[in-house]
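Dropping the structures in below, format is structure tokens.
After this come two complexes, each holding chain A, first together with chain B and then together with chain C.
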Partner chain A sequence: MLQDILVTGLVNSGVYALLAIGFSLIFGVARIVNIAHTAFYMLAAYCFYALLTKTGLGFALSGVIAVAAVTALSVVCYRLVIEPVREHESAVLIATIALALIFQELMLYSFGGNYLGIPSTLEGVVRVLGVSIPYQRLLILVVAAVMLAATWFFLYRTRLGLAIRATANDLEVANLMGMNVHRVAMASVAASVALAAVAGVVVAPVFVVDPFMWLAPLVTMLAIVVLGGLGSLKGSLIGALIIGYVEAITVFALPGGAYLKGAVALGIMVAVLLVRPEGLFGVAFEEER
Partner chain B sequence: MLRILATLGALALASGVQAQTIKIAILGPMAFVQGENHWAGAEMARDEINKAGGVHVGGRRLQIELIRADTNESNSVPDATNAIERVITRDKADFLVGGFRSEAVLAMQEIAMDYKKLFLGAGAAHSKLGLNVEQNYERYKYWFRIAPTKDVDLVRTLFAVLGSIGQQIRTDLKTDTPKVAILAEKAIWTEALVAAVQKNLPAMKMEVVGTWQPSAKATDVTAELSAIERSGAHIVFTILSDVVGITVGRQMGERRMKAVAWGINVEGQKEEFWQATAGKAQYVSTLDTFAEVEMTPQTVAFVRAFKARYGKAPTYNAATYDAIMILKKAIEQAGTTEADKLIPVIEKMEYVGAAGTDTWDKRHDLVWAVGKTAGIAVQWQDGKKVPFWPPSVKGMQPFKMPHSN
Partner chain C sequence: MYWLRRAWAELRDEVFVLPSRTLALVWALGLLLLPLVYDDPYVLRILTMTCLFAIFAASWDLLAGYTGQVNFGHALFFGAGAYTSALLSLRLGITPWITIWAGAAVALLFGYLAGYLCLRLRGSYLSLATLAFPLIALGLLFAFPEFSGGELGISGLRRLANGPTPNYYIAAVSMLAIVLGLWQLADSRFGIVLHAIRDDEVAARASGINTLRYKLAVFALSAAAAGFSGALFAHYLRVAGPSTLEVALSFQVVIWGIFGGVATIYGPVVAVFILYPLTEWLGSFRSFGELRLLIFAVIVLLVLLFMPRGLTPWLRDKLETACPRCKQRNRAWRSVCRLCGAPLSGADAKIKPA
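After this line comes the complex of A and B, so read on.
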């Protein structure tokens, strides 16, 4: 059973890590409460599905167009919906919830409520320690690792990354230092949505595409980012591993309670936060001291 | 005086026009396949009846008028109760047909009974719906179950098919005791089924290796399937009605599991299932209702007409067709649309429909019988839903095992 838990937990964690990176960037680092984040993930999955099945474009081209289109849409949404209320966190929260619901209803109207399946980019299965792993899952692990490294590089080795961190740390000081805080926030949204769109393209083939697919990941992502600690990419990765492994252990230890795996994972999150309110690797921000 | 006469004439005409139709509300989640099938089956019945002149009631011919009521019950029980309240009070529906999710149908049943409206269910399986009739006949007598059979009768069908699959495994794999993993979504309608399966499989000389209960909305069952593979199960006994059915079908195929999936997989009954699983659901099998097999003399004709009109095969929710035909027969026999007078007529009726041959017990549940109301079993083979049980029905094809390929 141990090898099953080890392998299954890692596979689960790869999916969560890929989904969590973008959310960690926007919510954890840039501190923009974009609830529509996973709705963009849903839009990318639909866009990828439509391009792949309706136009006959290949996986690569469909994926690139889907990511580009959804990222461009996020910039428009930022200018129209988030920027005007950027100063008020609760208004951003409500506005992005509304945005997510609009996307959901638009997809429901356009594609109906039927569940859609996207073919795997990579077919086949490999056995590791006697456990079957589809190649698509391995692809997710690789893409998650690449995206994590790329995001770290972007944040800590580029001027824009520095600006995002500085703006998140202290908006007013960043503004006084001559940074265009609106443009920095827009870049944060675009970068995080691009990551969500990549997740949509790579992860959707192992899941099912439907208008409500953004809801469950939202809660899990929130849990992972808070558990790992706001502002810490490393924390998000560890958070994803914890949630993935806790879910696997729950299913193996308590088969009849498999439906509880999400609740158990969230319970662990609450327990950790009781001991360390800033999360495992939380970065203390000025306003929280 | 002329004005008064004209007004009276107009009123008489208006009341005459109103009486020309029988309003039937079709209740279902219309943005989803279940609701689509509710509506499609009802449309076919309406068009067939109206084209033939309508329903004969006391020398008059009344046309069927359908009211489309989106219950959104897959997502919200309050939406469903609002919808049924609306069709009764605002749209003045005479009869209610449909429903899908047991939790929602139980709530809708209460409202229908409050208004003493005949409610013919075409989707929910929970026993409580019929138990209510037995325990409080005067209040709940307006409820009749058209499809599917109640949950415990679904188990009887499942066991009958499981017995034949188990026998095939004994022969193919030379094992006396096939291993069965139960994979049931956590929901009210699965409780009785899971208990029955756990209790009865040992008597069928089958070993239950475990029971896994993911969420009905689970989009990942990697851990569950890993555990099932490790248990060495030959059969994955599925009791699934929601998106988790697609997840299981797809991920079993991706993992190329040697175990065969048999049971209830409502998503697997849909024509869209193969696409939704990206073509990975090879050998997934499920209980079903409609196929081009001679369950009754009407079945093949209905399924072909449905396919010709909607471009896909009907699911069990399209039994709204039978429900409306049953109403027509009862109304014509009783000579009235009054619910209280139709109830004894339906109670005594034997109706040969498209889905099967229906009779009802004291709970207004369908009387279970193989070849009549027990339904059929189908298996996905190379993108097609292949019917394989009951073998006595003409048109059945062989069941295939993953381990033999």
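After this line comes the complex of A and C, so read on.
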């Protein structure tokens, strides 16, 4: 059982980390609470499914096309829907909720509400420490690790990454230094949705695909981001590990754990917030005005 | 006769001078008189639900709009009211007329607790943390199905009254009373303090306002109103199920609130009265039935693109202008202020009201 917990926790943490870091990035740079973030994850899973079953493209090609298409869609949505109402925080908030609902209903309409299964991209299992891990889950872990490393490289070793970090730090000063903050915000939206889309593509063969699959990870993701500190990438990563393992332990160790896993994870988030209101790695702002 | 003339003078000088007040009066009277002229059970059913959700949306606005504590988990209070009232009336056999008050009381307690937990949080942290509360409650309900009914909820509740018309009146009268109460409260000194807390909490505290006490009071009050509507809702539908705690309901109330315009009380009510019947009406078409949530979301999105502050503030600015000298509101088509005689049209009168 211990090995089960270790492996499941690690795999779930990888997926959560991909989602949470993207969300954190958008929030940090553009101060957008993007409720539609996991809806893009759901869209990527559907896109992958459609390409795979309808067109007969290979796994790798379908995955890449799905991620690219969803990322392009996110930029279009940002330009058309979010940017015109950027000054009104509450309007942005419900614009993203409405977007998520629109995506959900479109998928419900075109694919139906059934659970869709995608055949495993990789067959076979590997045995580590006496636990058999399907290659598919290993793939999730590898992809998550690669994407996280790529994100780190992008943010800390490229000029655009530097611009993104500068904008996240102080939007006005970054603007005065001659950065095009609108374009930076758009780049970070694209990067963060790309991370979510990758997560959607890799989990699609393991989880089932349905139009409501964005709700459960949304809540977990928000818990992780708040736990780690809004806008802090390191916090999101560590928060993802904590929540991933807490969920795994609850499911395997408690009776009725499957129902309680969300409650326990959210309870931990609330407990941390009581002690540190700005999350584990968040910066305490002295009253933003 | 004197009182009649007095009332007429009041009406003419205070209500009919402003289109918004006239509309509010017409709407309230229309709600009360509707069943006398048109008592189609289907229409009454939709309007009953609309009234219940209007209470819910208005209570959210007091907390999120006025005080700035943007609550993403308002369904917690709705569900608390619904489940408390349902359990008490079904397990202990108490009449629903008493248990709905118990539901509101328990919701008030939940509101106090949630407010207490959220005292140190602000902004987005608060929104995202509050989102968690109803989900924790939902997890606990599912973990103890023999107590809570699990996925199916608690069904077979007694109604408050029989027949569509009495039920409609219960909902409509409670809605009018609660919304009017919240509106009065928000316009009073208490409401001004809430505005201050939202705009600048540090400054409010520096002015000697015990902001913690005010925030707790607002959480409790808003939760009590939401719990009351939840309890009424449970007894009207005769079932208290997990849907009263879902994320979807929490998001729905956020959409209503922001669509109508926050910090107005009447804004969310107007939004519910437009959006809820609209979605029901769209659902009645066979071909549109599947698309109704889609159409709903698209409408919300389009309205927001053109009126980012919400529907009612936009409408009010079209119908009325504020006098540049005395700040009183006037019909948009008047040329001089009705109270101080200052000219309303012209370059200097175009200043946006605060």
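Just so we're on the same page, the second predicted complex is superposed on the first by the 275 of 289 C-alpha atoms of A that agree within 3 Å, B and C clash if a C-alpha of one lies under 4 Å from a C-alpha of the other, contacts with A are read in each partner's own complex, and residues count from 1 in each chain.
Note that a residue touches a chain if its C-beta (ideal position, glycine included) is under 8 Å from a C-beta of that chain, and two chains touch if they have at least 3 such contacts.
Given the structure is predicted, the values throughout are model-derived calculations rather than measurements.
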item: First, second, both or neither for A:134, with chain B first and chain C second; value: first
item: First (chain B), second (chain C), both or neither touched by A:117; value: first
item: Touched partner set for A:251, first chain B, second chain C, both or neither; value: first
item: Touched partner set for A:11, first chain B, second chain C, both or neither; value: first
item: Chain B versus chain C as contact partner of A:207, first or second or both or neither; value: first
item: Partner chain in contact with A:259 - chain B first, chain C second, else both or neither; value: both
item: Partner chain(s) touched by A:58 [first = chain B, second = chain C, both, neither]; value: neither
item: Which superposed partner A:106 touches (first chain B, second chain C, both, neither); value: second
item: Partner chain in contact with A:267 - chain B first, chain C second, else both or neither; value: second
item: Residues of chain A that lie at the interface with chain B and also at the interface with chain C; value: 108, 256, 259, 261-262
item: Sites on chain B touched by chain A in the complex; value: 29, 31-33, 74-75, 185-186, 210-215, 217-220, 222-224, 226-227, 229-230, 243, 246-247, 250-251, 254-257, 267, 272, 275-280
item: Of chain A, residues touching chain C in the complex; value: 27, 33, 35, 81, 84-85, 87-88, 90-91, 93-95, 97-99, 101-102, 104-106, 108-109, 215, 218-219, 222-223, 225-226, 230, 256, 259-264, 266-267, 269-270, 273-274, 277-279, 287-289
item: Complex interface listing, chain C residues touching chain A; value: 70, 117, 120-125, 127-129, 131-133, 135-136, 138-140, 142-143, 200-202, 247, 251, 254-255, 258-259, 262, 290-291, 293-294, 296-298, 300-301, 304-305, 308-309
item: Chain B-facing residues of chain A, complex; value: 1, 4, 7-8, 11-12, 15, 108, 112-120, 125, 130-132, 134, 136-137, 205-208, 210, 212-213, 216, 247-248, 250-252, 255-259, 261-262
